[in-house]
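Common to both upcoming complexes is chain A, partnered first by chain B, then by chain C.
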Partner chain A sequence: MNIEKYDKCFKEIFGDNAELNENFKFGAAPGWDSMAHMELIALLEDTFHIMLEADDILHYGSYENGKLIMKKYGVEM
Partner chain B sequence: MAVYSKVLTGKTIRMRAMEESDAEVTFKMRNDPERTRFLNPPPESVEAQRIYIAKQRESVDGYYFIIEDLEGNPIGMKALSDYCPEMKTVESGRFIGFGSQIQHIEALIMGFDFAFDVLGVDKVLMTVIENNKAMYSLQQRLGAKETKRVFMPAFGCDSIHSELNRNDYLEARKKAENIIERFSGRK
Partner chain C sequence: MFLDLDKKKADKLAVVDNAGHRITYGELADLSIEIGKKAESGSLVFCLCKNEAGSLAGYIGFIENEVVPLTLSSKIDSEILEDLSLTYMPQYYWVHEESVSLVSGEIIFSALGYVLLKTDNKRYPLNDRLQLLMTTSGSTGSPKLVRYKKGNLEANAKNVAIAFGWTEEERAICDLGMQYTMGLNVINTHLYVGATVLLTTYNLMSSDFWDYIKKERGTNFTGVPFSYDIFARLRFERMDLPDLYTLAEGGGKLTDKRYMELSEYARKNGKRFIPTFGTTETSARLSMLPAELSSQKIGSIGRAIPEGELFLIDDEGNIIDEMAAEGEMCYRGPNVTMGYAVCREDLLKGDEWNGEFHTGDLARRDEDGCYYITGRKSRFLKLLSYRVGLDQSERLISERFNIECACTGTDQRMDIYITEETLKDEVLLYISEKTGLFKNLFKVFVVEKIPRNDSGKISYKELGKMIR
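Coming up: the complex of A and B.
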């Protein structure tokens, strides 16, 4: 299931205790800084075998919005 | 004068010394409510900002950079202040970024490289408002170690003081460099 793989990526970057919900956002979620952001993008790309465009990387921004961006690349949750 | 005359060039950005002619663009940057909510209040006018830049250029212990993308568009500013050659320390000062995450990472890396390699410091000192979680997290991720917390009445929370030494930085820098390498050419 894609959602399980998606969540696993977030947990790998932000820790098993990360509360993945609509409030999990850049700058608000503990540890979601610019470096973590890029590590997350790299892990998502490697996991789902996709390559995000610069604009989508820039606006990834949150756990929920990320699902919509992933959909653009054919990854349905 | 604490003005570094060379242009620092990275894979996604350039950094050059701030000039008085940058007053208007930096005034706009400093008045962006979202990007500056954890920083001290800005000057009241473009002219006040120009005077501020002129003063900083004449200071002996501060370095103020404009961050540009590789096309020369200004996308932020970065300061290094309170440089002390005797103590071999410098404070990682104000950072305001309007670029991508990669450009922001590279701007911080280039600022630290400047501190360690050009100024020759042993430690970079840094302070961040507790509520600025992203910057605090990034500082720690780049190897900084927290030293103390001081309550800031103006912000209603603590300021967190940290130190970064060269060895810790160089270790953390490798990961940042790999990320910049991977994503720098992304369109």
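Coming up: the complex of A and C.
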């Protein structure tokens, strides 16, 4: 299931205790700084065999918004 | 006036920030003088810096009125700030109004979103020549500071501006924190020539940053290796950035691959890529590689800036005369600071370095006199360009968990050795939190015991063998 793979990427970067919900946002969620964002994007790209455009990396925004972005690349949750 | 700010065109834009301030040279000169006068000359002020006009105006005003600032990050860990406050007992704090709760004191003035607080600490004697203090290892909270003397900042501003060929037409993008030696250098060099500084607190990984530099037509950018990792990830070579002409790099070593990509990008697009090298102890930049050489001298930090001199010494401390050679890189010039301070009393000390600094970096010099950093003598890492002291990290962990600990590693990752399996995750989280750096930059190894030599010192060589 894609949603499980998606969550697994987040847990790998932010730890098993990360509360993945609509409040989990770039710049606000604990540990989600630019370094972590780079790692997250790299991991998502590897996991789903996609390559994100700069605009989508910059506008990734949050755990929830990211799902919409993934959809653009054919990854349905 | 400091940096001759009062002699620039008064109506020219000096500073822009993303909080909405747009300040001309005339306003900056007047306002900073006003701020500086609110504090008593010869006292010490902790500036909790943020890349905003208020932070900058305070720094200039204090220097102008001979109040000595210690520049710290506004995101500093509160325990580390408390330790520094207890060690150096500042008479004032200059903080953003949103961080007032971090410090205590009586609010006596405010401007541009910044607030001046007066503490109960009594003034104590400072050296006459002392102008500024900066941390060496801010993130691990070492109380060790670098003591800048009068003249350091202005000499460096002038010589770096000459080396880069800056004119008042530049609109410099400054996203590196101004409490960080290279960030401050970007500011000083551009104010020196009467150019415009575009301060920003936006994250390079946000569209806000890119919108801001496009809207404000930034002409040059100074980044650390990690900045350029982000650029590469965003495939910035495909972005349309017509105003951006110079890309400068410093604060750590780029991989050869990245170095070549940047030099290639610059060549193809009619832009400049300029690698530099600097240290806090030399008021930032001490060398640069001319843009036209960046495609031939991959990985080089170039030659000394004007009025400076680079040289190599061997293990015995003798100057190496041969041109092509390797040794410890040393520098002589008017931007060399006075020395370190680890306690209040040290702030009375005079110039201990007399214009000469041994960097602790090992370097190779080629037959054309260009330098290449090859390694390091002393015990610190540069994680994402932040200098992280290994001894301080050991101390932090040992004290917090009451355990034995040894830290080593490379600029890519710090390796932490402990003997308690159960504390593995906690140690990792703790050091990541204390340094404010992503946890994957650290790795914790559990070993049976920390190996020590006869005199009780940790044997780092043995340590490396234990996990292989």
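Here is the rule we go by: the second predicted complex is superposed on the first by the 77 of 77 C-alpha atoms of A that agree within 3 Å, B and C clash if a C-alpha of one lies under 4 Å from a C-alpha of the other, contacts with A are read in each partner's own complex, and residues count from 1 in each chain.
By definition in this document, contacts are C-beta pairs under 8 Å (C-beta built on N, C-alpha and C of every residue); 3 or more make two chains touch, one makes a residue touch a chain.
Every value quoted in this text rests on a predicted model; they were computed, and no experiment measured them.
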*First (chain B), second (chain C), both or neither: which does A:Y73 touch?*
neither
Exercise. For A:D33, select first, second, both or neither according to whether it touches chain B, chain C, the two together, or no partner.
Key: both
Query - Touched partner set for A:A54, first chain B, second chain C, both or neither - result: both
Dual-contact residues of chain A, meaning touching chain B and chain C, are 26-27, 31, 33-39, 41-42, 54, 57-58
Note: in the complex, chain B contacts chain A through residues 100-102, 104-105, 133-135, 137-138, 141-142, 175-176, 179, 182-183, 186-187
The chain C residues in contact with chain A across the complex are 203-207, 210, 226, 229-230, 233-236, 238-239, 384, 432, 437-441
In their shared complex, chain B is touched by residues of chain A numbered 26-28, 30-39, 41-42, 51-54, 57-58
Contacts from chain A onto chain C in the complex sit at residues 26-27, 31, 33-39, 41-42, 54-55, 57-59
